[in-house]
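Below are two complexes that have subunit A in common, paired first with subunit B and then with subunit C.
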Partner chain A sequence: MANTYTLIQAQTLASSAASVTFSSIPATYTDLVLRVSARTDQASISDVSPFVTNVGGTAYSYTYLMGNGSTATSGTSGTRADFASYSVGNTATASTFSNVEIYIPSYTAAQNKPISVFAVNETNATTAGMRIYAELLSSTTAISSITLTGQSSSNYLTGSSFYLYGIKNS
Partner chain B sequence: MTKAIEVNCTTGEVTERDLTAEEIAAGEAAQAQAEADRAAAEAEAASVAAAKAAGQAKLAALGLTAEEIAALSK
Partner chain C sequence: MAAGATYEPIATQTLASAAASITFSSIAATYTDLRLAVTSVPSGVIQYGLRFNNDSSALYSLTELAGNGASAASDRDVNDSNLWFNYFTPSGSTIPAFMTADIFSYAGSTFKTTLLTWSNDRNGAGNLVNYTVGLYRSTSAINRLDIILTSGTMGAGTTATLYGLKAA
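And then the complex of A and B:
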């Protein structure tokens, strides 16, 4: 159980942006939690929005479980250059945003890092989306930077918010 | 020009800049890859659906009822 839950930095967009980066993340916490409420200009209800760390390369892979109101599917990725997250696309109900939590335990440890992503989309329709990712960063490098982008060159829209928290276990 | 925003977690400084030509090119490449991945996934799903329908037709030809065929896939 976390003893502390401290806001490191937050960013709410006043205008659209292709990417949001949290850099120079202090190494003084045990875990990181990134909470995202985002909407992109992707012409769809949802947008699988990737994110990367300072590690780079193709050290990323994941398993996912998803449902959209009518079907449920699961799958895995091979090694790739980014992780997956989730945003609301611009054909969803106006002024709706995603609700995403990205949990990164032991982000400074010299070991491979399992990362979980829980994400749901909001829209006033039968078909909405929820996704759960179990991701693995195959790198012993400490995470000091995280960059989130929209998929397919989409942009995060005004009002999207990004909150980075640090958790200590003592 | 599309913007990139960086929040320095140590200083709290927020910087906003235009994307570089390299970043724009990388985004376009990612878009092409994402569309290729989606097309491949749809093609695979269509192939699986066609194989399933063909299998069910063969089972029906062998005399299985629709209920029995459905039970096999549960």
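And then the complex of A and C:
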């Protein structure tokens, strides 16, 4: 049987970049998985990096569950122009990166699309934590591109890596 | 070293009409782990669960961490007859929910650990996110997996795919 977890494109930054885009994503898979190791130059510990798809508009919303080593909280965001992801900022412990998995099932289906995001950073400091997002793209349009950007015009730093995989269920 | 296929679809089921359960049977023991991915629209007030080997004896336990957009909670369930999860019970909606289950060393002779995730943002109405670790205290290999509900149904169009992952 065929191997169905296929690398579509890898991007590892050789220099800082304000955004990372995967365009012309083929419609030949069932699900997409984006795996990210990232750090930004945001002058803070954490950077809730937004990401958008080709659908655009204000079709995005999310619910999150987060823990920071001392408390767990949950919150939600109403309709907005982007999803949430997560990176450490440049005042976090040196050489630490956040790790994120974004799972997009049925990305070409003509239905609203649930998206799962699991993001963690461990920095040997009290600001480490994890964030789990249930996200919703209220659109029946197929996803054909994804762009990630740093928060508040921050840049992804050298060494940040972004891997987009396609999964087929047959 | 030449890489072999390590992430293979075993079977996919897409519901033509609403159903209260989905079964994967005759699961081969040739993989290391199993991964289940389900996109469904819950109908009615329901709780999702997994049952292995059609075994409803009190061998299941779980610990879950959940959020509903307003609060976070953790819960534990022991000696249950199925692996029920969803601390915040989902209700009917037209918005699909996404669920995964990783079932580790399913063919081994030790107890079986499962990681379950649930993502269902509804743009402000009944949102849910859940991570659950489950345990099935059986030394038998898992060759059947049922997705079950306490009540209600999964709507037409629900898609469930079972993948096999090989370590080598």
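As a working rule, the second predicted complex is superposed on the first by the 167 of 170 C-alpha atoms of A that agree within 3 Å, B and C clash if a C-alpha of one lies under 4 Å from a C-alpha of the other, contacts with A are read in each partner's own complex, and residues count from 1 in each chain.
Assume contacts are C-beta pairs under 8 Å (C-beta built on N, C-alpha and C of every residue); 3 or more make two chains touch, one makes a residue touch a chain.
All values reported here derive from a predicted model rather than from experimental measurement.
Novice: Overlay done on subunit A, so just call it for subunit B and subunit C: clash or fit.
Specialist: Here the two partners, once superposed via subunit A, fit next to each other without clashing.
Novice: Taking the superposition as given, does A:I102 touch the first partner, subunit B, the second, subunit C, both, or neither?
Specialist: neither
Novice: Of subunit B and subunit C, which one contacts the greater number of residues in subunit A?
Specialist: It is C that touches the greater number of subunit A residues.
Novice: According to the stated criteria, A:S15 is in contact with first (subunit B), second (subunit C), both, or neither; which is it?
Specialist: In the superposed model, A:S15 contacts subunit B only, not subunit C.
Novice: Just to be sure I read the superposition right, which of the two partners does A:Y5 touch: subunit B = first, subunit C = second, or both, or neither?
Specialist: Only subunit C; A:Y5 stays clear of subunit B.
Novice: Figure out whether A:K113 sits in contact with subunit B (first) or subunit C (second), or with both, or with neither.
Specialist: second
Novice: With the two complexes superposed on chain A, say which partner A:N155 touches: subunit B (first), subunit C (second), both, or neither.
Specialist: Touch status of A:N155: first partner only.
Novice: For the overlay on chain A, what angle lies at subunit A between subunit B and subunit C, C-alpha centres, nearest 10°?
Specialist: Taking subunit A as the apex, subunit B and subunit C sit 100 degrees apart.
Novice: Examine A:T30 and indicate which partner it touches, taking first as subunit B and second as subunit C; both and neither are also allowed.
Specialist: second
Novice: Between subunit B and subunit C, what minimal C-alpha to C-alpha distance in angstrom results from the superposition?
Specialist: Checking C-alpha atoms only, subunit B sits 12 Å from subunit C at its nearest point.
Novice: What does subunit A use to touch subunit C in their complex?
Specialist: 1-5, 30-31, 61-67, 72-76, 78-79, 103, 105-106, 111-116, 118, 132-136, 138, 167-170
Novice: What residues on subunit A touch subunit B, complex-wise?
Specialist: 8-9, 11, 13, 15-26, 48, 50, 149, 151-153, 155, 164
Novice: Show me the residue ranges of subunit B that touch subunit A in the complex, using the header's touch definition.
Specialist: Going by the criterion above, the answer is residues 2-12, 14, 16, 19, 23-24, 27-28, 30-31, 34-35.
Novice: Using the touch definition from the top, list the residues of subunit C that touch subunit A in their complex.
Specialist: The touching residues are 4-9, 12, 37, 39, 65-72, 74, 94-98, 100, 117-124, 127-131, 157, 159, 161, 163.
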